[in-house]
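Both complexes shown next keep chain A, but they swap its partner, so chain B is in the first and chain C is in the second.
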Partner chain A sequence: MSIINNIEKYVLAEIVGVLGKKTIDPDEDLLEQGIIDSLGLMKLITFMEETFSMKILDEEIIPENFQSLNSMASLVKLQSQA
Partner chain B sequence: MSDYLLQHLLLHSAEKKPDKNAVLFKDKSVTYSELEHQSNILALTLQQMGINKGDRVGILLTKSIEQIVALFGILKAGAIYVPLDSTAPAVRVNYMIGHCGIKCLITTAGNLNALLSDSEEETVVNTVLLFGEALKEFPHKKIMLKSLPLNMKTAAATSEYLPIEASDTSPAYILHTSGSTGNPKGVAISHRNALTFVEMAANFFNADENDRFASQAPLHFDLSVFDIFVAVKCGATIVLLPEQLSTFPVKLAEYINKEQITVWNSVSSVLTLIADKGMLNLRCFDTLRLVHFSGDIMPVKYLRILTRYMNKASFYNIYGQTEANSSMCYPIEQIPDDDTWRIPVGRPFPNFEVFALRDNGELVVRPEDEGELFISSSTVALGYWDNMIMTNEKFVPDPRYPLAKKIVYKTGDLVRIDRNGEYVFTGRKDSMIKSRGYRVELGEIEAVLSSHPEIAIAVAFSVPDELIGNRISAIIVPTAPSAINKVEVAKYCATRLPKYMIPDGIEIRDHLPLTSTGKVDRKNLGTAVSL
Partner chain C sequence: MDFSLSEDQIIFKKSAIEFAEKALNKGVKEREKNREFNQEGWEKCAEFGVHGLSMPEKYGGLGMDIMTCVATMEGLGYACRDSGLLFAINSHIWTCESPILKFGSDYQKDKYLPGLCNGSLKGGHAMTEPDSGSDAFSMKCKAEKRGDRYIINGAKMFITNAPIADLLLVFAVTDPTKGFAGISAFIVEKGFPGFSVGKPLDMMGLKSSPIGEVVLQDCEVPEENLLGKEGSGAAIFNSEMEWERSCLFATHVGAMGKDLEECIRYVNDRRQFGNPIGKYQAVSHKIAEMLVRLELSRLVLYKVAWLKSQGKRAPIESAIAKLFVSESYVENCMEALQIHGAYGYSTEMDFEKNLRDSIAGKIYSGTSEIQKNIIATMLGL
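Then we have the complex of A and B:
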């Protein structure tokens, strides 16, 4: 499963409030819509760290890295290249 | 100049400091004279739309200068403002609209579309005032629609709004809190209730025109009363924090630093996030002079981090409820080494009296006594909107003076008095909990879960959490095996409950643990659900 599909699956299943949604557009703004709030973000970070064996640093917890599925996937890829 | 009604605070600051910045939001600002002028136009518009004294007007807007304009415009028109949570499900917003009899809704095209498209039934509001661009297509013929430009700086008022004769005991706003019966309760607060608190707080905390108040709490949360009205009373500046930034601790710390905030007032969980992940070492907090935290228990280890980096600020644990505003505070002086220290809620503010009664009706006086806290003050609200039964249960004649018509608020909070004479919170008489600073009636969650046709019985319970106070879990028993799955339950909740009330952990079982007397064994639920 691709990184994006993996995160999408998690957001759809676990970040509640995604009403009637079956898919999320990779560039859809999840922050503007309030889909990801502070508690959701913390759950998402734990999921990403465990699933992709990565450590998300405090300075990386910024809107630019969590705006959309694409930006989260970029963060994962960036770390795997480092 | 005396302030008899909340809008007088703005009028007087606009006269004294017309060119001072009243509200900042991102790169936008309004001065006091502009805020006065724009809210006058809004008041006139509302009156032209048929809004009269005492009518309820909903505000369905995210943080914005327009939100503050709307609030004062509604008050000037003699109406009652009802802030609505734009992230709450449409069913819940529609309930509040119906229950308060909201006659007009002030919103934007985006928020209105979201409300109407998510509504299962037709929304009951019949007049809408839109900020920003008018809708090109609007199929809802029954709703009267009017638009106001987003930037009203240059708009000239064609005539003045009609000043309203009003008593300071009239309701000024209605704030909703969780209700155990399955629907939120609307707390009706008068001008005098709010002004009593605002005047006291401005003096107590030495607020002045040089202050820059962070406005983090949403308008539907009662912390906003301090942020907005104390700032306006003093001619200070309100710096609105965009909702998105509240999610990111690093951004919150940066905002306090860059915006040169002097007064911060939030629930504890926002501050614990800042302490935990805000990278405070990168920031300078020299302008910050006052930090209020409230709502849930602040873990001492995070308080220690905050006081180390925000070392110019005085920290206060603030205690209160929407029904009586903030009534007590505890100033943080020395933080003990013991990480299990529970910060007291302290002593009452100057214009409050509090007392606690034991189950046998005697006053709590000794350190070993525990009792229910009562609050007496002219801040004690008028009651719950359109709910006399609940009002009479919680707003009761002072049990110490049964013959006088003196009403006190019965909090449901259990307290004791420590050896220094400070009140300490010990628990609740009912099943209300706090999560992320929000009051949550577990009964409201259970009522919603049980309303699902495939759910036979449901129990909601809390699991203590260091960062957010409590997490919520639920165990449900379906009407038939495999009748419903967890995702369906979560989605059902999301259509009826605000996010902070949706259980994090849901477990489906074929029966619930019972005590020997046949009741649900709540004590043994806590470890049952993995989060």
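Then we have the complex of A and C:
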């Protein structure tokens, strides 16, 4: 499963479950639409750290890195290249 | 998992106890009555190294690990009867100094950390507003970029240290379209144009800790005082809270230990119906329960400290620790007062003051209800 699909599956199941959303566009702004709230982001970060064996620094928790599936996937890729 | 303290940590904790007993308790009753901040105690704590416990030596700190910080705070909580002073110092450390170290630029660290470590500067953080408390990220305070500065407008409420602070971390909305992710943090000095502080608020407890309202009216903040990047306010706040929920609450564990010792002494000395009251099971069970709460509080707090020392995130664990320690502290204060009867209720002793002080712990750093919400959400509920 691609990084984007993996994150999308988690966000749909664990974060937006109640909204009945079925898919997420990779560039859809999840922050602007209020799809991810602050506690949801905490969960998502834990999920990403465990799933992709990465460490997300508090300094990296900024909108650019979490506003869309694409930006999250970029963060994962950037770390795996480092 | 090994939560035992090293020999050095035990020695440091003991020296904190000796220091607090000698240097911090004189005149505590008077200050409580007059709602007076202990400036001398603040300076002595800074000299002892409390303010810079976890700060690197290059900024004047002691560079201690988190377990040593927790042990020291526990020692201070045990021996210092001025919980308002300890509260002020902890707010200064965990909600101002630490985030500047973690998120600050070299310029910000060089400018502010030496003064925060040696106590010549006092800090705090301003998140809560008249209309937003638990729902902190729904704040109205706004920061607008104009040229090389931000203009902040809004009001902040119940801000620890505000009346005495030289600088505050002020949280404000920089991008209203992004919700919690549109919040940023700024280092605001008391002398910045448009910054003002109201009179100290009269709270139920923690009377020697000045708490106040802050007004920002077209407050001009140079762009170099943005902490972290725009939009990192929520991450800064969450990181602060994780630290505060372990280290500040260590003072409560210390205080619970002291109260328990006093209760054990009292139930052995106090005789009614021909026996020491500790011989009555209704009383001795209270003591047993107090010890259970103390031991579990210490354990859960040390676990968070241990996780943080491993560089791990601890959102659930720090919420559990904050919830359990603060609730346990209130319960133990209630029982200590009850065990001492009318003497406990009298202002001659510290038990009624401790109870009033302890209740605040269920509210600040996120209420008990909010800690339960965090735990439930992290469990997928």
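By definition in this document, the second predicted complex is superposed on the first by the 79 of 82 C-alpha atoms of A that agree within 3 Å, B and C clash if a C-alpha of one lies under 4 Å from a C-alpha of the other, contacts with A are read in each partner's own complex, and residues count from 1 in each chain.
What we mean here is this: a residue touches a chain if its C-beta (ideal position, glycine included) is under 8 Å from a C-beta of that chain, and two chains touch if they have at least 3 such contacts.
Just so we're clear, the structure is a prediction, and the values are computed from it rather than from any experiment.
A.B. asks: Could you look at A:38 and tell me whether it touches chain B, chain C, both or neither (first, second, both, neither)?
C.D. replies: both
A.B. asks: Counting only touches as set out at the top, which of chain B and chain C does A:78 meet: first, second, both, neither?
C.D. replies: Neither partner.
A.B. asks: Name the contact category of A:46: first (chain B only), second (chain C only), both, or neither.
C.D. replies: second
A.B. asks: Once the two structures are superposed, pull the chain A residues common to the chain B and chain C interfaces.
C.D. replies: Residues common to the chain A contacts of chain C and of chain B are 31-32, 34, 37-39, 41-42, 58-59, 61-63, listed in rising order.
A.B. asks: Could you please specify the touching residues of chain C with respect to chain A in the complex?
C.D. replies: Interface residues on the chain C side: 102-103, 137, 175, 177-182, 228-232, 234-236, 238-239, 311, 313, 315, 373-374, 377-378, 380.
A.B. asks: Within their complex, state which residues of chain A touch chain C.
C.D. replies: Per the touch definition, chain A meets chain C at residues 14, 31-32, 34, 37-43, 45-46, 49, 55, 58-59, 61-64, 66-67.
A.B. asks: Would you pull the chain B residues touching chain A in the complex into a rising list?
C.D. replies: 87, 89, 118, 243-251, 273, 277-279, 436, 467-468, 487, 490-491, 493-495, 499-500, 502, 504
A.B. asks: Would you pull the chain A residues touching chain B in the complex into a rising list?
C.D. replies: It is residues 13, 16-20, 31-32, 34, 36-39, 41-42, 58-59, 61-63 of chain A that touch chain B.
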